[in-house]
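The following blocks contain the structures, represented as C-alpha cells.
Consider the two complexes below, in which subunit A is the common component and subunit B and subunit C are the respective partners.
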Partner chain A sequence: MLKILKYVGYDLLRSRWTYIYCSFFLMISLSLLFLSSDLSKVVISLMNIVLLIVPLIATMFGVMYYYNSREFIELLLAQPIKRSNIFLGQYIGIAGSLSISLIIGIGVPFLIYGVFNSPEIWNFMILLVTGVLLSFIFSAIALLIALKNENRIKGFGLAILVWLFLAVIYDGIFLLGLIWFNDYPLDNFAIIGSILNPIDLSRILILLKLDISALMGFTGAVFQKFFGTGLGIAAAISVLIAWIGIPAWRIKSVSQTKDF
Partner chain B sequence: MISINKLHKAFGKNKVLKGIDVNFNEPGITAVLGPNGSGKTTLIKCILGMVIPNDGTIILDDKNIKGEWEYRNKIDYLPQIARFPENLKVKELLSMIKDIRGGEENSERYIKLFNLEPFLNQRLGNLSGGTLQKVNITLALMYDSPLLILDEPTTGLDPLALVRLKKLILEEKAKGKIILITTHIMSFVEEMADNVVFLLEGNIHFEGSLQQLKTNYKSEKVEEAIAKILEGKNYNFSSNGHSKRDVELKIQPNI
Partner chain C sequence: MKIKYFIFLCSVWLIAQNGISKQLEVCSTCPHKTIKSAIENAEDGDKVVVKKGIYKEGNIVIKKSIQLIGLDYPILDGENETEILTVNTSGVTIEGFQIQNVGTSYIEDRAGIRFERANNFVVRNNKLYNTFFGIYLAHSNDGIVEGNYVEGEAAKEMSSGNAIHIWYCKRVKVENNHVKKHRDGIYFEFVDNSLIQNNLSEENLRYGLHFMFSNDDDYINNEFRNNGAGVAVMFSRRINMSENLFILNWGKASYGLLLKEIYDAEITNNRFVENTIGIFAEGSTRVNFLNNDFVNNGWAMKVSGGCLNNQVSKNNFISNSFDLSLNSSAYENSIDGNYWSEYSGYDLNRDGVGDIPHRPIKLFNYVLKKTPEAIVLMRSLFIDIINFSEKVSPVFTPANVLDNQPSMKIFERT
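Up next is the complex of A and B:
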C-alpha cells in the first residue's frame, strides 16, 4: 500500500489543483488575518469556510481522481498486488495530499502571525484537525460513490448531492424537526442528529473548543451539557473517525468484488 | 499452465461467458478471436483477476487463482488503452512497477529500442499517444514472466513500431513463453499465431491450431474460416430457427 501511496502522492503533489486549493486557503487566511488581528475571530471565520469548502473539494477531487485513473487502476490490478492495497493507497494519497494543502494553506499565515505564542494555538489546532478529518471523510465517501457508479455523470451528480445534503439540506431538515417536536424533550434527538452529520459534528467540535456559547446553538449546548467539554470533544472526534472508518471499510469490501 | 473450467460470467443480465473450458499449456502464440462482445477481454480479465467470475475455476500452475494475487508475478500484461497518472514522470512510472514487482528486469533494453530516453523525465500527461503505447509495451515486456497477455496490441501503433512489436513478440515466443493475444486483425493472426481460440457469444466455437482451423473450414485464410463459422451460425439461426444448443452442436464436431 505504501508503494501506491508514494506514487499517488508524487502525482497529486505536482497537480495544478493541489496548488490552487492550497493558495486559496493561503489567500483567505492571510486576508482574514490582515483584516482582524483577533486570532479567535479569524478561526471562527475560517471555520465557516473550512466546513463548506473542504467537504466540497474533497468530494469533487475524490470522484474526479478515481474516474481519471480508471485505466491506470486496471494496470495496477494486473500487477502482483492486493486489490485493497491499491484502493486504500489511492484513498490515503488523495486525502493526504488535500490535508497537506490545507495544513500549509492555513498553517503558514497563522505561523507568520505568531500563533505559537498565542493562547489561541489549541483553537487553531482543532480547526486544522477537523479540516483534516473532513478531507478524509469526504474523499472516502466520494471514492466509494465513484467505485459504485460506472457512469461518471451519475457518480458526479450523486457525490454533489451528498455534499449538498450534508452541508445545507440536512441542517434545514434538522431545524424543522426541532421546531415540529418542540413540545418533546429533544436532547437525544439533537445528539443523534448531529452525530449523523460529520459537518455539523465538526462545527460543534470547534465551537466546543472555542467555548463560545452564543454561536453554539441548541445542539452545541446539548452536547456540552451532555458530555462536558473535554469528553464532548473526545466523543465528537471518535465519531468523526468512525465516519472515516465506515466508508473506508466499504471501499475495501466493494473493491474486493468489483469487476474492472 | 492455465486450465479454465466451466467459467461463467454475467454482467447483470448480460451473460458474457457461458461455461468456458479451455487450457493454455503449450508454449507459443494463441490468438483469442471473436467479434465485439464475444467475451475475449472478459476471459483475459478473469485470468488476470480483474473480473471476478460467477462460477468455474481458473487453475494456474496447479493453484486456483481465486482471491490470490501473488500469481500475477507470473503474468505480463499489455492493456488495450494506455493511460497513466498525468503528473508522474516516465521514469517514476517505471520505478513504481519495479517497486511493486521487484526482481530482475530489463527496461533499459526497451527504453533504448523505442528511443524513450528523451522522455524519461517528462510527465506522462505531455506524451503523445504513440509514445504512451511504447511506454505501455516497455512496462509489459520488462519482466520475463512465463505468461504474456496482449490485449489488442496493434491499436494505435505506427507501421515501424508494429514491425518492432511483432519482432519482440516472436522473441518472447522463442523463450518458450505462453502468449495470449486478442486482436481483430486477421493478417496479424495469420502471421503470428500458432493456435486459435474462437469465442462467440460466450462460448468457445473453435480451439486448435491455425492449420486445423483452415483445414476444418476448407479455407485458405483465417478470415475465410472465421467468416464460415459466423455464416454457419447465422444460417442455422435464420433459416432453420434451431435453438442455440443445435448451433453449437453443429459447429462443435469440427473441433
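Up next is the complex of A and C:
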C-alpha cells in the first residue's frame, strides 16, 4: 500500500493541477493578508473560500484522477496486490496531496505574517484542520462515485451534484425546515441539521471560534454551549470521521466485488 | 460724632472679617493635624489646604462653604469601611485629592465624594481608587465635575457602584473625566440642562453611560470603549449627542448606543466602531441621525417597533455585517441620502447620487426576523445566493425601506 501511495504521490507531484491548486491558495491568502493585516478578518474571508473551493476541487480531482488512471489501475490489478490496498492507497494519495497543497498554500503566507505570535493561531489551526478533513471527505465521495460509474459523464455529473447538494441545496432545505417548523423549539433541530452536513459543521466550528459568534445571539449561545461540552466535540468529530470512514469503507467493499 | 466714627470702624472691621478669607493648612507639622479639625475651625469662604500625606479620618462631613484643596494629592483612605467626603452645603470646592478604599456596602450607597443638597459645587482633578460609588451627586444644582480619574474594582453588578452618579440635579457640567471599571461609568437620572463633555468611559461592567429621565442635556466628544453593554439612553427628551466615539462594545448583549423612549434628539457626528449593535432604537421618535459613521459593526442600526418620524441621513455605513434591521413592516422613517458600502448601483449623470435606490435590508435579515435560529446559516453560500437574487428582484423585503438618494462617495469628515 505504501508503494502505491508513493506512486500516486509522484504522479500527482508531476501533475500541474496540484501546483495550480497550491498556488491558487498561495495567491488568495497572500493578497488577503496584503489587503488586511487583521488576521481574524482574513480567516473569515478564507473560510468562505475554503468551504466552497476545497470540496469542489476535491470532488472534481478525485473523479478525474480515477478516470485518468484507469489503465494504471488495471495494470496494478494484474499484479499480486490486495485490491483494498490499491484503492485505499490511491485514495489516501489523492486526499493527502490535496491536503498538503492546501496546508502549503494557506500556511506559508500566514507563517510569513507571523501567525505564531498572534492570538489567532487557534482559529487558523481550525481552518486548516477543517480544510484537510473536507479534502479527505470529498475525495472519498468522489472516488466512490467514480468506482461505481463506468460512464464518465454520469460520474462527473453525480459528483458535481453531490457537491452542489452539500454546499448549497442542503442549506436551502435546512432553512425551509427551520421556517416550516417555526412554531416549535428549534434548538436541537438546528444543531442536528448543521452537524450532519460536513460543510455546515466546518463553517460553524470556525465561526464559533471567531468574534463574530457574538452576532449569533441566543442560537449562537446554544451552539457554543453544545460544542463546549465533551458530548458536542465528540459528536462533531465522530460525524466528520464517519463522513470519511463510510465512503472509504464503501470504496473498499465496492472495489472488492467490482468486475473490471 | 465719636459714636459715628466707632460704628464706622466696627463696620470696616466686620467687612474685613467677612471679606478676607483665611487659609487653614493641614499636615503633620501644621497647626491642624487633621482635616476634621481644620474644617471645624474654618468659616464660610475659607480655604483648607491639605498637604501631602495619608489621612485616615473616616467620614469627613462638610457643612461650611469652604474650598478643600489638596497639594500633591494627599491620600484620604476609608479603609474599606466608610464613605469619605460628604458635603451638605452649597459653594464647596474639592480639588486635588487621592481618595481610596471606600468598601462595598449592600445597605447604603457609600461614595468617595458625596454632595447632597449642595449647590454651586466644584469637584476637580481628584483621583479615586476603589471607591464603591465614586462621585455621588444628589439634589445638587449648578456644579462642575472635571478632570477626575475614577477607577473601581467592580467584579459583579450586584456588588458594585457607579463612577459618577448624578441624581436629581440641574445644570451640571461633567468634563474631562476618565472613569473605569465600575458598574456604570456615568449615571444620570433626573438630571436636566447638563453637559457631558470630553470624558472617557471604559471597561465598565454595565453601561459606559446610563442616562434616564433626563431632559435637555448635551453629551459631546466622549469616548465609550469596551463597556459590558455600551451606552443606554432612556426616557428622555431633547438631548443632543454629538462627536462621541462608541467603540468595541462587543458581546452577546452589547450595544454601542441603546435608545429607548427618546423624543426629539439629535444624534450627529458620532462614530460607531466594532459594536455588536451600533444603535438599537426602540420607541424613539423625531430623532435625527446625521453625519454618523458606522464601521465594522455586527448590526449598524437595529430599529425596533414604535420608531416614528426619524431621519437617518448623511451617515456612512461601512463593512457592517448587517446595515439595518427592522422589527415592523410599517416604517415611517426616512433613510435617504446615506453612503452604503454595499451599494452596487451606478451614477450616470455624475451628480454623486446613485440612480437606483438602495435597499439596506437583506433577505436574510427578513428571514432572521421570523426564524432567529436561521442565524446558524450565516455566511453560507446559499444565503449569499438568496441575498443576491432578492437584491436583483425584491419580493420579500419591505418595499418602502429604501434610500432613494444613496451617495456614491463616502462622506468625508473633518
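Basically, the second predicted complex is superposed on the first by the 242 of 260 C-alpha atoms of A that agree within 3 Å, B and C clash if a C-alpha of one lies under 4 Å from a C-alpha of the other, contacts with A are read in each partner's own complex, and residues count from 1 in each chain.
What we mean here is this: a residue touches a chain if its C-beta (ideal position, glycine included) is under 8 Å from a C-beta of that chain, and two chains touch if they have at least 3 such contacts.
As the structure is a computational prediction, the values presented were derived from the model and not from experiment.
Trainee: If you tally the residues of subunit A touched by each partner, is the higher count for subunit B or for subunit C?
Mentor: Per-residue touch count on subunit A favours C.
Trainee: Considering only touches as defined above, state whether A:K3 meets subunit B (first), subunit C (second), both or neither.
Mentor: first
Trainee: Which of the two partners, first being subunit B and second being subunit C, lies in contact with A:D211: first, second, both, or neither?
Mentor: second
Trainee: Identify the partner contact of A:S15: answer first if only subunit B is touched, second if only subunit C is, both if each is, neither if none is.
Mentor: The first partner, subunit B, only.
Trainee: Once chain A of both complexes is superposed, is A:P80 in touch with subunit B (first), subunit C (second), both, or neither?
Mentor: A:P80 contacts subunit B only, not subunit C.
Trainee: Would you sort A:R203 into first (subunit B), second (subunit C), both or neither based on which partner it touches?
Mentor: In the superposed model, A:R203 contacts subunit C only, not subunit B.
Trainee: If you stack the two complexes on chain A, which partner ends up touching A:F72: first (subunit B), second (subunit C), both, or neither?
Mentor: first
Trainee: In the superposed arrangement, does A:F174 touch subunit B (first), subunit C (second), both or neither?
Mentor: second
Trainee: Do any residues of subunit A touch both subunit B and subunit C, and if so, which are they?
Mentor: Touching subunit B in the first complex and subunit C in the second, no residue of subunit A appears in both lists.
Trainee: Quick one: which bits of subunit A touch subunit B in the complex? Just the residue numbers, please.
Mentor: Touch residues, subunit A against subunit B: 3, 6-8, 10-12, 14-15, 68-72, 74-83, 257-260.
Trainee: How about subunit A: which of its residues touch subunit C in the complex?
Mentor: 44, 47-48, 51-52, 167-169, 171-172, 174-175, 178-179, 182, 186-187, 189-190, 193-194, 199-200, 203-204, 207, 211-212, 214-221, 223
Trainee: Note which residues of subunit C are touching subunit A in the complex, please.
Mentor: 250-252, 254, 276, 298-299, 321, 367, 370-383, 385-386
Trainee: For the complex, give me every residue of subunit B touching subunit A.
Mentor: So the residues of subunit B in touch with subunit A come to 11, 45, 48-52, 69-73, 75, 77, 79, 81-88, 92-93, 96-97, 99-101, 123, 139.
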